[in-house]
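Two complexes are shown next, each including chain A; its partner changes from chain B in the first to chain C in the second.
Right after this comes the complex of A and B.
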């Protein structure tokens, strides 16, 4: 009835296999961070150009058939306080002290537009157990399929930006989020928010071009006149304005593994409510652990074999033939 | 075959049983309300805190409390300690109810339950998702647990020759079933911890670590031993049976060493990640971290010394402390330490709490019914 040394070693070997892969600092099957899709499209939002008119919010509601939200008593127009199952896109205000100068951190203010970042390596698509959230293989838009969604809300737990929203007041609820107007793109058009932005605060385009445009802007000299394209990065329609100073941080270039929505601002992004994220998506970390333990189900089968052998021996009091 | 277990007999419908039934009824009515008017109508869940009491208690704590069968199977069948075999049946029974109801609670929590079958369609399943591993593994384990319980039910009908035959053929498959019954909880109890890895910065560094799966696994095993001790003492008291002290005290000794290993790794992990400072910030997270690990420490100190663990009173305190410690760890890692950003807060709503109470009541009713009707608890002469 005592544990003999051989049994103990066998058990240790089985358990050790599982533990070792969890504990080892460089896991055997690291999941490489995902890279940008060659034809990915996205949006560049420049808070220094944005005038806070909320035309993007109105257009988003119209073209996504979303109901208005009355957030204050007696309100007669759409005035959401934050993103919700009825609001995919919102313009918020940062204000500090006297709030005198636009795009200044101290005693200044800034607009910040929030919507799905369409991550390069999205946590939500990695978390979704039934592939209801998927990344379009061509455009890279993160899309939702209600017909397979089980409503587990793990996407909400996973998203670093709290983007997916759930219909808490519905008996048959859905997840709701910005899908980069893929229904408009399918018709050769582009996201409504960019089409209706009057000032060039949000522009649509290939992510590669958007990255180049963002870097061009970061290199501009404050106080000088410069041209800013309207609606689309490849547009010939330009707006000329005096450059205001930027924070030297292109949010979304690397943050959280990178995103197809890029943000430029005069105020540090964390002050505008964006999270401070490492350069690797949590999806890569999570999948590395899962793949190390379960790739091809090899480790579980080996452990099962060992367990079976030990149990067989202990219950029948004999070794396998 | 020598029977080492016996049914208690006696009336099933007693006063406590009726009180439990009333709680179940309240729960069922509230559940109907949830299905008619949505999750927002009965819970305080929000887009910031999409998972609340049901996931944390019913699934995380519920299945950990259901790890008695797993922990005892490890001890008896793997480490060949057959002297603990009399405890296995009641441990499995608690596991059956803990896990089955956790499985049902998931269908209460998921918003689009009618799509639930997609989890079992390979062309929809996303094998990168930690939740897939958890869901499939728990589903498989619920089936295994009922198979493990089957001999008990069949033994209850021992005069029926068909039942005896079925039982004998089941016992031939025992090694496979037991091996699966150990592998599956090892997999999903660790994966329950892995679930939070993807939440990244939203979980406080006091709990966010690559070792989450290891901590969840070790705490599930220790909770499994603790619940076996706890249940043994309580059922001895409730049904006026002799205490199983020497045997459960030894289980406590085994448990103490696992807690010791856990605590050392837990603190080393914080030290290596340079997050020790967070323990002393005087906020809710620090307080809950200290409380959680104090419970662990109490359980460890009481269980590691034969002088205290041989006394029933301290054994009871220690197992309670361990159950609290593991439950607190789960609540902390999924709710308290989870901060989606400014403006969000969560505390369960009253109907949410009552639904969970209803589920617990159903579990207790099932336990009472089974120990009275079927040979679950150890025979008194042997105890």
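Right after this comes the complex of A and C.
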């Protein structure tokens, strides 16, 4: 019945060896990071251009049929305080000190629009056990299928941006998030937030073009007049304005494995509530660990074998029939 | 019913000679509508006006531009000749009176003594008070003196226009003549009805006069002495350009693309969000849609609001209602405006933004934890006691069984 020290050490060493033999070739097993789809579409949000009018929030609610969210007395105005199951898109305000100058970190202020980043390698689709969240193979929009969802909310935990929201107040709740207006794109249109942005703060387009446009803006000289397209990156409608200084960081180009939503700002992105992420996506990291552990089912068999051995060693003849 | 029939019979009393019955009822219905009264109330107003001798009105002028008189002359329901000859008896009016000089003064004195306690006193223009009020004299006497002398005999005092209501243009800094409003000159013992505006809408004035005649009392007034039926809501609340404000579409310069498309004038300095008046609802001049400043593309300059019109710079943007995150109304530097009906009635959208860090819930408070722990302890204790009793009973019955 008793397990002696010698046997215990023997088993431990054997199991450890086998575990080590499976874990050691991690680089060979690493899940290849996903790359941008050739026809992926996205949104470029430029906080220096945004005037904080919230027209995108109003349009988002209208075209996604979302109910208002009250936070002021009288239940009159839709005024959400954060993303929720009723709000896919929100304009937040960063303010420091006196908040005098727009897009300045100290004693300045900046708007920041938060919605689904539509990651190149999304953690939510990776974490979803039933593939209720999927990445559209063509546009790359992260879509949700309510008929498959089991309500486990792994996606909420997985998302580095805290985007998927759960309908806590519903009897049959769903996950709610921005789906890049795929229903509008199916009709040949584009996301409502970009169509109704009056100032060119948010523009829609192919991610490749958006990346080029963002890099063009980063190269602009502050104080000079420049043209900014309205609504779409390939739009002929332009808005001319004086360039304000940018932080030389295109958020979403590489952050967290890259995303189809790109953000430019005059204030460091971590001040605007965006997370600091490594270039490798969390999905790639976690899947590498998982795939290594279960490669060829070797590790599970080893553990099972070890358990069998312990049970066998501890079984005396009296226990047998 | 008999009286009513007589009052509204096709042959109106003799002093209605120039007004047709149809025109007269139309006017009363318009007046009722602008007061927010049901249409049937028009009949009651008609009765009140028809039954009375034409209500006498004494019209005093101070430092003014005659704009308020002009606006009254431009009322079309009824036209001005019907109004002053048939509906109200303007016994003294410096601009409209046919007699002048001593004759006019005599007519005024006669009307005041004949109609003591019955006439309605209308003041137009601010009253200079500096140096004994010598900066505005009528018939050799300061306007301030005339007003103080006339007001005690009046049934009601109506201050027409921004100058009479709160000083208006003459009271603008540096205010060289010490111009003051009617209320300030008369003091607190008089309740002056203010009809501010530059010019005020004639229907707001006529409705007020008819309200007093019909109901024999003053209409409900707000904290600035303005009739609530006309000044209850912000111009912003009824503005035809409001959807553009809500959608973030603003004209940024006169004659730019947005201005030509009829977008919101807020960024051009429109004071609609802080000015109470009914301009967008009843319009001016009776010439149809858009016949009011914002409708024609000119930003509201806040003429009917003290501290806004003639005070705030015309291009300055209006202060919007501001709610803090907890929903408490933000106190402005004036100490916070409180409207009749409470701040919740103000329908200006919040200008607050969501913070970067989402408001997080707080953990359970110490009191909650204490109460819950107490309940849990009680439940545990009760359970333990029950179990102990159960055990005792069982052992007792076993003993009995053993004895047998």
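FYI, the second predicted complex is superposed on the first by the 267 of 321 C-alpha atoms of A that agree within 3 Å, B and C clash if a C-alpha of one lies under 4 Å from a C-alpha of the other, contacts with A are read in each partner's own complex, and residues count from 1 in each chain.
To be clear about the criterion, contacts are C-beta pairs under 8 Å (C-beta built on N, C-alpha and C of every residue); 3 or more make two chains touch, one makes a residue touch a chain.
If you're wondering where the values come from, they're calculated on a predicted model, not measured in any experiment.
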{"item": "Which of chain B and chain C A:275 touches, first, second, both or neither", "value": "first"}
{"item": "Which of chain B and chain C A:55 touches, first, second, both or neither", "value": "second"}
{"item": "First, second, both or neither for A:225, with chain B first and chain C second", "value": "neither"}
{"item": "Chain B versus chain C, judged by how many residues of chain A each one touches", "value": "B"}
{"item": "Which of chain B and chain C A:238 touches, first, second, both or neither", "value": "neither"}
{"item": "Touched partner set for A:82, first chain B, second chain C, both or neither", "value": "both"}
{"item": "First (chain B), second (chain C), both or neither touched by A:198", "value": "second"}
{"item": "Common ground on chain A, meaning residues reached by chain C in one complex and by chain B in the other", "value": "82-83, 273"}
{"item": "Sites on chain A touched by chain B in the complex", "value": "1-4, 7-8, 11, 15, 18-19, 22-23, 82-85, 123, 125-131, 146-154, 156-158, 160, 162, 164-174, 273, 275-278, 282-283, 285-287, 289-290, 293-294, 300, 303-304, 307-308, 310-312, 314-316"}
{"item": "Residue ranges of chain B touching chain A (in the complex, touch as defined)", "value": "35-41, 45-48, 50-51, 77-83, 109-113, 115-116, 118-119, 124-126, 128-133, 135, 174-176, 178-180, 182-183, 186-187, 190-191, 194-202, 210-211, 213-214, 340-343"}
{"item": "Sites on chain C touched by chain A in the complex", "value": "246-250, 323, 325, 327, 343-345, 347, 349-350, 352-359"}
{"item": "Contact footprint of chain C on chain A as seen in their complex", "value": "51-55, 58, 71-74, 76-77, 79-83, 90-94, 111-112, 196, 198, 271-273"}
